[in-house]
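Per-chain numbering from 1; labels A, B, C and D assigned in written order.
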Amino acid sequence: MSLHPFAIELLQLSLLLGLAPAFAGWVKVLKCRVQGRTAAGILQPYRDIRRLFGKDIVLAENASWIFRFTPYLTFGVTVIAAGIIPLVSVDLPLSATADVIALVMLFGLIRFFTALAGMDIGTAFGGMGSSREMTIASLAEPAMLMAIFTVSLASNSTSLTQMVSVMAHAEFVIRPSLAFALAAFILIALAETGRIPVDNPATHLELTMIHEAMILEYSGRHLALIEWAGMMKLALFFALGISAFCPWGISPGGEIGTLALALVMLAVKLMVGALVMVLIETGLAKMRIFRLPEYLGSAFLLATLGMIAFFILE
Amino acid sequence: MAPPLDIAGFSVLLLLALALLAPLLRSVRTLQIPLAFSLGAAASLAAVIAGVITVADGSVASATLTLGIPGLPFHIRLDPLAGFFLVVIGLVGFFVSIYSIGYVKGYGGVRSITQMICFYSLFLAGMLLVVLADDAYFFLVAWELMAAASYFLVMYEDERAENRRAAFLYLLIAHVGAIAILLAFGVMAGQSGRGGFDGYTFDAMRTAHLSSGWAAAAFFLAFFGFAAKAGVIPLHVWLPEAHPVAPSNISALMSGVMIKTSIYGICRFAFDFIKEFPWWWGCVVLALGLISAVMGVLYALMQHDLKRLLAYHSVENIGIILIGLGLSMIFASFHLPTLAALALVAALYHTLNHAMFKGLLFMGAGAVLHATHERNMEEMGGLIHRLPWTAALFLIGCVSISALPPFNGFVSEWLTFQAFLLSPALPHPLLKLLIPLGAALLALTGALAAACFVKVYGVVFLGQWRGHQKPERIHEVGPSMLGGMLLTALTCFLLGIFPTWVIAWLDTIPKQLCGGRLAESAGKFGWMWLTPLSHERASYSGPVVFIGILAVVAVTWLLLHLRATRVGRVPIWDCGFAKLTPRMQYTASAFSMPIRRVLGFLFAVREQVEIVPQTNHPAMPGTLQYRLRIRDRFWNWLYEPQGDAAYWIARQVGKLQQGRIQIYLLYSFVTLIVLLVFLG
Amino acid sequence: MILIALLVISILVALILAFIGDWRYAPEVNIGGSLLTFIVSLVLALQVYREGGSIAGSTYFFVDYLNISLVVLTTLVSTTTAIFSRRYMRVEREHGRVGHWRMRFYHAMFQLFIFAMLIALVTNNFGVLWISMELATLATVLLVSLYRTPTAIEAAWKYFILCGVGIAQALFGTVLLYFAAERVLGAGGNALLWTNLSRVSGELDPTVMRLAFVFLMVGYGTKAGLVPLHNWLPDAHSEGPTPVSAVLSGLLLNIALYALIRCKALVDASLATGFAGNIMMGFGLLSLLTASFSMLRQKDIKRLFAYSSIEHMGIATFAFGLGGPIATFGGVLHMIVHSLAKSATFFSVGHAAQMHGTQEISRIRGLIRGNPAVGWGMFLGVMALAGMPPFGIFTSEFLILTATMKDAPLLAPLLLLGLTVAFAALFRKVQPMVTGLIPPWQKPLAAANIPVFIHLALVLILGIYLPGFLANWFHLAVEILK
Amino acid sequence: MTNTLAAQINSLLAALILLTAFALLAQRKIIALVHIFAWQGFFLALSTAVIGFASGEHHLYISSFLTLGMKVILLPYILYKLVHKLKIHRDIESVVNIPTTMLLGIALVVFSYHLTAPIRELSNLMTRSTLAIALATVMLGLLMMVTRRHAVTQILGFLAMENGLFFAATSATYGMPMVVELGVALDLLIAAFIFGIFFFHINTTFDSLDVDQMAKLKETD
């Protein structure tokens, strides 16, 4: 028997909504293990979110509606994005609403409003955060797109389902272009999700924080939404990378069997991916903000090499 | 229903009449402004109708007026391309006219309203005529009418030196461009093979068969001229001078539509007159487009004068449009009609979009100026509390220009990206490889634009008031200004949500110009799904994205508001820092500082920090002054040398006139001898 | 005979004015006389148009499409100038710059000057053409020095000597022309008649004609103010009374050019080479470039416009040199629209100078606010002169430039350069004068605005609606020059 | 009297005219210059008469008389009077190195010969060979105007040119048509009237007739 596409859609959405905190928790646990600390457990993020939802909201006097609207928008856009990237099955109805470029732009929308929210209160921190965030993003986005374009040139399509199915059914060969692109993608993903060496999610030190600085003034359910969306974003970037570069095992249709298999594969990939990221994060120290251009530049270089390699070698 | 050409003609005549009768309107005192500008709006609307019909049914109508030189009477013609630009001009004209009713009131008593009305309508008429003209002479007349009218409008506040300077620079560059275009027409007419005045008609130029050399000469002369008007880098220097100092409704027209007429001209020359051209033409256009886009947005980021910043963004967006055009030309030169159609549609779509959101933004800037009498962003802040409506509408403009879904800017940039990714279809290996790299630059542009508008909106509307005057004095602008902005914003939204309809409507233009069509593939899955070439390639659905986001937001909001929670309003926390003053906020310059550091080598940046150390402790500076000056490098690269050269030559020439009559006699003597010697 | 009437009237008016002297209605008489000649010239034009072709008034005079259009132009501009000078000279008297005797002199000489130009236009005889050119010069020399200031006298002296010398060379050219003609048409007066010469121009001896043209070119070129024979022009135009500057710029230069193109027609026919054309193109380009660059550094407003006259004469000369139907058409049109626009501009310039009591550009400010009519008059006039549509000068420049692009594309960049620099210079100088706030030293003035706006209206009309009859009129004029 | 003889006389007179032209170039004293100019006019008139007599072109007598009246009597007289009135009859003008000027003059003569040679071939008049002299006279007059700094001498140079032109007319074509001759004479008259006025103006405003003082209107800096 097989599931109806919309059922799959729902399944995927609920999976991401439900398990994104768990994934974030898993990352934290891994990190603690690697750094030899005792972890708070995978479920800690759930507790945090619940606690935040429970709290009252404290708003600065001059916060405008943009400040209050942003968390909802962030959450909403993230959820839509979650519905777009095919994770377990290629046959995903929502996936047609936005191709990979639109997806990147959707994340851009989130960033835009978060940055505005950062400036809304009118504090030095907020401005600093927004400024740095937008700077990094404007350097990261080209590299991001280049990395993805390599894949879309290979599959000559920008629609995710098409890309995934092409890559999935391509017989397994080492394609230098994709290798380069993947490397670039990882670097960018670290930057986009605000991880070390670009940003440090676990700090409130004014000199180091970027994303945190923007949401400094948030509290209560607003903060909860933002945190939750952030966790989903992390998961989504992994998902995006997986489905763009190594979608093997993803189910072509809705048969339960293949779906189950796909789920297992996905879980494994996510765990491995998380491990990789944790190792990188532990291995590296956070960069000075003005060294970031070099970092992102090298990512861009890798992506470009990937594209050139595609035209020259394949 | 009257044929579109008549409607267009009516609209032009109405405007010209308005210009001529402007002095009479003075008699109706208070009604003068509403009456004049609602007539302007009506005329614009007529133009829109004419355009919409023409583009929709792809009809071509032409007529000949009895004016002009006999043997070369004024020809007018209305084909889909012209129709499309009628719509662009008309729409913005319509919105801006409504807006002006409120805006121009602000000048009442201070300056001559009659002058404003007269040149305003002449300006609109000129733009419409540029699009309608069908022979070289009439085209240039209209072109210069447009230039002259806008020149006087830039000069409107002529007691300010910056206005005079800007106006002069603008007129000069515009005129050089016009002469270049004139020469291009000269080439076309000369090579058209038709004798006498007949060669000057566009028909002759359509049928002309030019040798490749002449064709290149004609196209690049024309391109130079149009680029000068469009503000393509490095011919852009007048734009950030002229657009800011003009009255804001005029800035909206200039940035929104006037510079688009040059896009029209380039399309005419490339696709309509010359048709067969080598691929490298497209590459030149593409390259210049990319440069303009990136440099434009970077310079924009460095500005802290709101309108100046927007002007630099016009440079950027013209660049984006040219990118589409360039790609389209490249595809067309390799005879890939469908792909050429896609790129062309992308370009035209962005033309329309930019007209909308840039118009909206300039109107917004005008509203801010109107309310605060301030153009310097460093003196603003927190206006969202004082001007809630303006703020909301301005935000839509910002989102649109930052190419973020679900608004219109995104759609056209998305289409341009799609065009980029079609490069593998090209037979030319090098192009295959290079063109996608351009996509990266486009991405960079988009991201920087987003950054820039976070800065604009954040500094102008968010945060706290930085200015010296009391913010309580600032009040929301009147209904007509809001109305104009509201309609524009609405259009931005609709253009973003229903691209399939727009593309279906546009379809006649690519069909006419490069033989390709897009509609049936783009709209195969109904109005909801935009699939430019095929659904396997790429697809986007504005409606679903919008509805989806809206739905999720609504649901979450409802769920979270089931339980009543207290929302406490408290002073700013800011990690518990005490005594936070508005001066501590990030300023515009501060916001763009990281980018200035990273890409500073592109500008002529001069930073000065003066620290006056306090007497008791050197580590504690008493006062600290920071001065930042950023100049357009192109000034001292291109323009200053030219000026110096001109004056040097002038000095040398002046030596001819050195006063003593014997010398003068000697001149005539020598001239005679020389002529006699070289007689044989 | 209307033709004779035309000449008689103007000389009579001159005599009357010399006689009545500084009678308080002298200006009105002046206007009336000019108006009368204008009406007569219109009648004449009508006659030419009806009968077509050319009317040989007698062996000495004749009228064809080419010179009648210039006759009408001359009489028109002289009329408007007379109207203008009524107000202008009154103010000058109040400022005490001219006295009783000089007013008498001024009026008489003005009409004599018009008379000389009319003869030059309608005469059939190259000798008489020369004589009347000289006469026109002599008539204006003392007008230039009317104010008796040192600079005025200097300017007049230069004008007198340089033009005298130039015109002398033209006479030598005429002698040679006569020499060549005599061997075809036989001795006697008829050998110098245009009507005969144009008939036999093919048979004239080329070597002599070549030599003759060089002398004629230098001679009449001097009077047309072509570089490098132009040095007298800026001085004379800037030092004389403004009405005189207006007619010098607007009319006399045209007459010289007219003589030149008549000669060119003959030379071309006899040589059948581009010899004359090339020389004229050379002079034209040189004048255009030199003048436009000189304009950049002018401090005196009337000098500025004097140079712009040189520039436009250069353009017209270039056009005639280029030849071909379109360019020649452009050239004829250019002569006409330029003289209209230039004299209009000089009118407003004169008033502007009177309002500020100086001709220094740097001290003339805020005209539009001070006196809208004068300010807008000057501004629009300058736009016309700078070649902005829809004014007629744009039309002619459009035709000339496009023709250049067809026949001599390599020269187009030079034209582009010249026109651009001229445009820049004009606006750079004039924009600050007309815009901005009123300076304290500016005085109110009752200006004569009708002439300015008549001219500008005509230029405008010629730009957007060239009447059919006028157009084929010019076409026929072009035919004559073939 | 045979044409050859007339031709010879004419050539002789031409030579004398050329000589006077050079003399004008060389002479320093204003008053002497006036005399030389008168002589030149005289020779001109004479040659015109001779040609008229020989060729039977009787209208040449009239122009001969005109010349006599204007250029030998009237103009010199006016100049003489002016020079005395303005008290400049003693003026000695500093002329920049005469030998060079002379050499230039000779070069000009040769050049004008070279120019008129082809015309000479075409013509069959007995005076054809003197056209070169006429052109030379014109150019020498121009040269004089270039080299001299005194208003009166410039005018004299101008008048010498006029002589040359007149001579050219007679020698090339036995004179211009009558109407032209008369017109030219008229213009000359007016010109004389005008420069007369000018001498006074210049003298009163600059209290000297040195034209080098009139160099205020210039654009060099």
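Note that a contact is a pair of C-beta atoms (placed from the backbone, for glycine too) under 8 Å apart; a residue touches a chain by one contact, two chains touch by 3 or more.
All of these numbers come straight from a predicted model, not from anything done at the bench.
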| item | value |
| --- | --- |
| Chain B reached from chain A - shortest hop count over touching chains | 1 |
| C-D or B-D, whichever has more C-beta pairs in contact | C-D |
| Between chain D and chain A, distance of the C-alpha-averaged centres to the nearest whole Å | 101 |
| Where chain A and chain C are represented by their mean Cα positions, the distance between them in whole Å | 78 |
| Chain C and chain D, separation of their C-alpha mean positions in angstrom | 31 |
| Centre-to-centre distance between chain D and chain B (centres being mean Cα positions), rounded to whole Å | 70 |
| Residue numbers of chain D (touch at least two other chains) | 115, 142, 145, 154, 211, 214-217, 219 |
| Of all residues in chain C, the ones touching two or more other chains | 157-158, 161, 165, 169, 211, 234, 294, 297 |
| Residue numbers of chain B (touch at least two other chains) | 651, 654, 656-657, 661, 665, 672, 676, 679 |
| Pairs of chains, among all present, that meet the touch criterion | A-B, B-C, B-D, C-D |
| Residue numbers on chain B that touch chain C, as the complex places them | 66-71, 136-137, 140-141, 144-145, 148, 155, 158-159, 164, 167-168, 171-172, 175-176, 179-180, 182-183, 185-187, 189-190, 196-197, 200, 217, 646-647, 649-651, 653-654, 656-657, 661, 664-665, 667-668, 671-672, 675-676, 679 |
| Chain B residues touching chain D - in the complex, by the definition given at the top | 651, 654-662, 665-666, 669, 672-673, 676, 679 |
| Touch list for chain B against partner chain A, complex | 381-382, 384-385, 391, 395, 399, 402-405, 410, 414, 417-418, 421, 424, 429, 432-433, 436-437, 439-441, 443-444, 446-448, 450-451, 453-455, 457-459, 462-464, 529, 535-541, 544-545, 548-553, 556-557, 560, 565-575, 577, 580, 582, 584-586, 590-595, 597-598 |
| Of chain C, residues touching chain B in the complex | 157-158, 161-162, 165-166, 169, 210-211, 214-215, 217-218, 222, 227-229, 231-232, 234, 279, 290, 293-294, 296-297, 325-326, 383, 386, 388-390, 394-395, 398, 401-407, 409, 412, 416, 419-421, 423-424, 427-428, 431-432, 435-437, 463-468, 471-472 |
| Footprint of chain B on chain D - complex, ascending | 111, 115, 139, 142-143, 145-149, 154, 211-212, 214-221 |
